[in-house]
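We call the chains A, B, C and D, going by the order they appear; numbering starts again at 1 in every chain.
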Amino acid sequence: MPATTDPPALTAPELRELYRLMAATRALDTAAVAWQRQGAIPGFAPQLGQEAAQVGSGFVVDRRRDFAFPTYRELGVARAMGVDMVGYMATHKALWHGGLYDPAQSRFAPVQAVVAGSVLHAVGWAHGQTLAGHDGVALSYFGDGASSQGDVHEAMNFAGVLRAPVVFFVQNNGWAISVPTERQVAGGSVAARAAGYGIVSERVDGNDVVAVVEATRRAFAQARSGGGPVLIEAMTYRRGPHSTSDDPGRYRSLEDERRDAGTDPLERLAQQLLRTGAADQAFLEEARSAAAADAEQVRTKLAALGPRPGREMFEFVYQEPTGALKSQAAAWRVESEHV
Amino acid sequence: MSETTIAAPGRTGADPEPAAPRQLSMQQALNLALADILATDPAAVVLGEDVGTLGGVFRVTDGLQGRFGAARVFDTPLAESGILGMSVGLAMAGFHPLPEVQFDGFAYPAVNQIVCQIGRMNYRSRGTLPMPITLRVPSFGGIRAPEHHGESLEALFAHVPGLKVVSPSTPEEAYHLLRYAAARPDPVIFMEPKSRYWQKGEVSTGRRGADGDLGSRVARPGKHVTLIAWGAMVARCLQVAELAAEDGIEVEVLDLRWLKPLDAEGLAASVRRTRRAVVVHEAPLTSGLGAEVAALVTERCFDTLRAPVERVTGFDVPYPSGDLEDEYIPNIDRILFGIQRVLEYRRG
Amino acid sequence: MSETTIAAPGRTGADPEPAAPRQLSMQQALNLALADILATDPAAVVLGEDVGTLGGVFRVTDGLQGRFGAARVFDTPLAESGILGMSVGLAMAGFHPLPEVQFDGFAYPAVNQIVCQIGRMNYRSRGTLPMPITLRVPSFGGIRAPEHHGESLEALFAHVPGLKVVSPSTPEEAYHLLRYAAARPDPVIFMEPKSRYWQKGEVSTGRRGADGDLGSRVARPGKHVTLIAWGAMVARCLQVAELAAEDGIEVEVLDLRWLKPLDAEGLAASVRRTRRAVVVHEAPLTSGLGAEVAALVTERCFDTLRAPVERVTGFDVPYPSGDLEDEYIPNIDRILFGIQRVLEYRRG
Amino acid sequence: MPATTDPPALTAPELRELYRLMAATRALDTAAVAWQRQGAIPGFAPQLGQEAAQVGSGFVVDRRRDFAFPTYRELGVARAMGVDMVGYMATHKALWHGGLYDPAQSRFAPVQAVVAGSVLHAVGWAHGQTLAGHDGVALSYFGDGASSQGDVHEAMNFAGVLRAPVVFFVQNNGWAISVPTERQVAGGSVAARAAGYGIVSERVDGNDVVAVVEATRRAFAQARSGGGPVLIEAMTYRRGPHSTSDDPGRYRSLEDERRDAGTDPLERLAQQLLRTGAADQAFLEEARSAAAADAEQVRTKLAALGPRPGREMFEFVYQEPTGALKSQAAAWRVESEHV
């Protein structure tokens, strides 16, 4: 990393806030898997084990000026950025692909199901800040698997050439569905790629939320001050299945998981809080029960959300709908709504 | 199987003795077809995302890596253009690649390699570098999946010079069409109707003659109107025909199978009998393959047609989220309305 | 122009006083349109390969970087997916990107961004993240260029939900349609007929009302048959009409202009008058946009049509090398044969 | 580079052969520009100044087992590999896109007009050698501009993961049409990218044919012996226009060209031959006049080549043509050939 002044260390209230956010993420994530098993939602991609990487990085975003570009697995980032969780979970209830939160106002782009689909968007948005004379930073999320896509390379090259204020935040969770990083990422490190584009990069322990926050703050400081793009590779582990329809037993053993997953990031932060006196047991319990209550509330509200009306299929295709589409909507109304 | 045993692409092993017909799901039929292809064609290789250890997200390649080795059935990094571009090179080296794209919507990143390379290398090289590539694409909607997991790309593929395109509608069709496609010296896009993967049907493994694999197929005969469909829509049209029969309407269901080349003769033969046609597909209406089918039928049957060919299709909107997909995919009602329109059409 | 003067995308400057009509080539008309767009819309940015210092390989962006600065008119690295993906992000940041893809064939690497992102972001975000992107694509054949420099992608684009597609046929159309497209809040694919870049015509710069920019355009009235075309084929059809007139055949030439949405009403109105139609395009026949046009016309004019709609198109082959392109592109003879067929058609 | 034993130095006969090939390339290249000006061919992409990079690398290919994957600017490679020059130039006469030579037998893929289009093919072909137990090496050509394409990145990653026997040969000629390398290649070096994929790389003076041959031989030795892929970045200069329809005066001055181009690689080899006594002035003159005669012969034969018959449009689309296409061919025959 370049010689930017290190941001101040995390305060005890900040650490406690991080714990609250991580606990809330964990609770909602775990609950969502259960909801899928109960048939309440058709599918879910758990981020179990990636709470530190997600919450730690999302925590740094300044919602007045920055913008985050998630994949389909960024529950913790969304939570840390204050995205409406019911609107977020709506994508997993198959109500609306991009979710039902307002992405423009949340500064959190719609859920993105194309692997690597949004990395270039982040670069374009970031360059827009330069053109407009703003100091916003784009935060681009992608995985170890996504790093294989040509778009990621084009994005890093564009960012390097344009010195765009973008932070590439790679969660290397060891797996892309069934393919482990060593058969995915030639050379073994996404961070190592950055140098080839003149981009500074840092590998960070993605299960250590403090390390993640600090690295992300350094990266934002550099990008914001015109120092160009930064890449962070947060080393973490996908503790759950790829998605609720995945069966990890086919490609890794429970023993592999135990060996490779390391310490649970949530547990790790709990221990640290206790050790440093930043929080006590009562706080942890309170945070966990608040998290559980929070998840329960999301469940209730999500359950109450009915399907979107079919006419919305037609309404959001264009800002200026075509006559042809209006006719199709009318025909649909007659034939399917029987009105 | 060691790597050097596939040293001589082109050698062909004997087909296994045909087994008695058995009940298989389409996923199992495809798996069996791949196994038989790998067993009989030493130049065949299967590649794609998660096709190895996992056996594919739909398990179509289940067990193949264990049986044929990691040299012939291998996981690639997560990059579709890479998978298809690599397949071009493998074909140039004498192999018969069977790449998988995990879902329809992820064929888009590979369009450049598919259109400009796979479709054109034989032409560019004046026939000296053929592209015997069978690209398997789990296709169409109906499984309440995330965005980009329910797309219908047949109109795009059918427009591309140099490609052939086929889509099976039953386990039996799946087995035979995949084997037929994989034995071709030309590139074939093989569109698997993913919502039908788990439906069972009788599958006979003895090879049927090439004729049995070509052209369209009358899935149900009828005399009042021809319903033209492919992939998952064939089953739905058969349901519609069943319902229509209750009202005395005899619907002929034509399973188009080949989307390129289209079976112009089979289409014309059916419509000449029924004098009315409705084409059904999941893809959006505008510039969908239904337009080509309608144009073809009209060109050949202009005099016999009693009504313009109806198109019952997906709308000109992005494939919607699971909760709305039943509103998007042509449903029984909408197909019945289409039939009604061609039956009630009166020249003005 | 300094970078911060474009800080507020959305502000709109006043249009320059309309100048007297003048003779311009299409390339000049497009250049003028871009200049007027950049002058009046501070959110507009032009990006692509070689669009800056060089002024584009066709000089359509000539002089713009000098006049509007390297912040608003900039060269990108050589990566089409990058250009289009970056345009999505710029649009999300409030800009109105006018990306250029250097040649039609190089839109293929960007298909994923075009289909899955540009076409869907407005939908995915429920209208909160519109995509006011005008993608300029020098298109179609006829200039004896290398491989992939003569492609017609309109059928692909027209099939994609969320896109609009337009192609001008004259300098006047080019100027106005580009200005109209660039002022839209939706993505527009702007297909420039590259073989017409150097043809001159009268251009008036005062904005015509939106109505003048919408729908199709009768390029030449006639009563015996409607010739439907777009892009470079319009001029060829006008030649054909001239020749046919010598034989007493009055050909109406309909310049379709918008390829999505198609002007169904305009098509029907013309064919109701002429009762016969021939659609002409350079793209391969199968699953080309001609099929959609034919289907649409047939659906609306089934009773009046005296013959099935004819399609005179490129063949189902890769766009050939320069020496063969006159064999590939619909020529006057082939179009005349098509007209003859619809005129001589007798119900059997 | 890894510790493979260095191949033996170039012999005097080899050096003379290299000069002959480079001179022949230069003569044909220069002639082709003239033919275009005279209207004999519609266009051409000169490789002027890249003779050392092209001939030096193509010289190393073993046509019994290796395979080269060119772009549209590889005249010198084709010449060094013995590709039929008339068949090669046929692409520039607009007779057939891929050229009229036999690519399979020439071990030189058809002319490729998509930037970066064939880089993945080389990796696939190379992996095919591994699967088949052969020891062939794929030689993949691309430019500094092409390095920006996602396909190149996917190719490098695939090659790294598979340890494919492929040599990526990048000709960094300073320009991609009007865009100079510094605004194209973030970080400034394509070779530097390779490390991020665990691929060894080497930057070489691309105007020094001896250095090019030696680097290419080392790379082939490594790839052939199972050592995995190698990337060579040959630093050279596009002395001419991008193509005959380009106007470099719009983006670089003659003075820029004089400053940046360095010594002409052909002249440089001539001096070296004379200095080391590997050849004398008579040899150089003889080589140059042989080259001129060779170019003249190509001109004559190319001029004699008529257009391909239109039916070939239909004949090579498929190995097994469809009925629909046969009908179109028949209609074409009636309407255009009037038979």
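Observations on the model:
Assume a contact is a pair of C-beta atoms (placed from the backbone, for glycine too) under 8 Å apart; a residue touches a chain by one contact, two chains touch by 3 or more.
Model, not experiment: these values are computed from the prediction.
Placing every chain at the mean of its C-alpha atoms, the farthest one from subunit D is found to be A.
The pair with more inter-chain C-beta contacts, choosing from C-D and A-C, is A-C.
Look at where the CA atoms of subunit B average out and do the same for subunit C: the two points lie 32 Å apart. One finds 36 Å separating the Cα centroids of subunit C and subunit D.
Taking each chain's centre as the average of its CA atoms, subunit A and subunit C sit 39 Å apart.
Distance from the subunit A centre to the subunit D centre is 44 Å, each centre being the mean of its Cα atoms. For subunit A, residues touching at least two other chains, in rising order: 96-98, 114, 148-151, 154, 157-158, 161, 183-186, 312, 317, 322, 324-325. The residues of subunit C that reach two or more other chains are 77, 79, 81-82, 105, 109, 112, 116, 123-124, 147-148, 161-162, 260-262, 286, 316-318, listed in rising order. In the complex of the two chains, the subunit D residues touching subunit C come out as 42-43, 72, 91, 93-98, 111, 113-115, 145-146, 148-151, 176-179, 183-186, 245-246, 250-251, 307-308, 310, 312-314, 317, 322, 324-325, 328-329, 332, 335-336. Per the touch definition, subunit B reaches subunit C in the complex via residues 81, 105, 108-109, 111-112, 115-116, 119-120, 123-124, 147-148, 155-156, 158-159, 161-162, 260-262, 283-284, 286-292, 294-296, 298-299, 302-303, 307-309, 311, 316-318, 345, 347-348.
Touching subunit A in their complex are the following residues of subunit C: 3-4, 6-9, 45, 71-72, 76-77, 79, 81-82, 84-95, 97, 112-113, 116-117, 121-130, 161-162, 164, 184-186, 260-262, 264. Interface residues of subunit A facing subunit D in the complex, by the touch rule stated above, are 148-154, 156-161, 183-189, 192-199.
Within the complex formed with subunit B, the residues of subunit D that make contact are 67, 96-98, 100, 102-105, 109-110, 114, 117-134, 138, 150-151, 154-155, 157-158, 161, 312, 315-320, 322-325.
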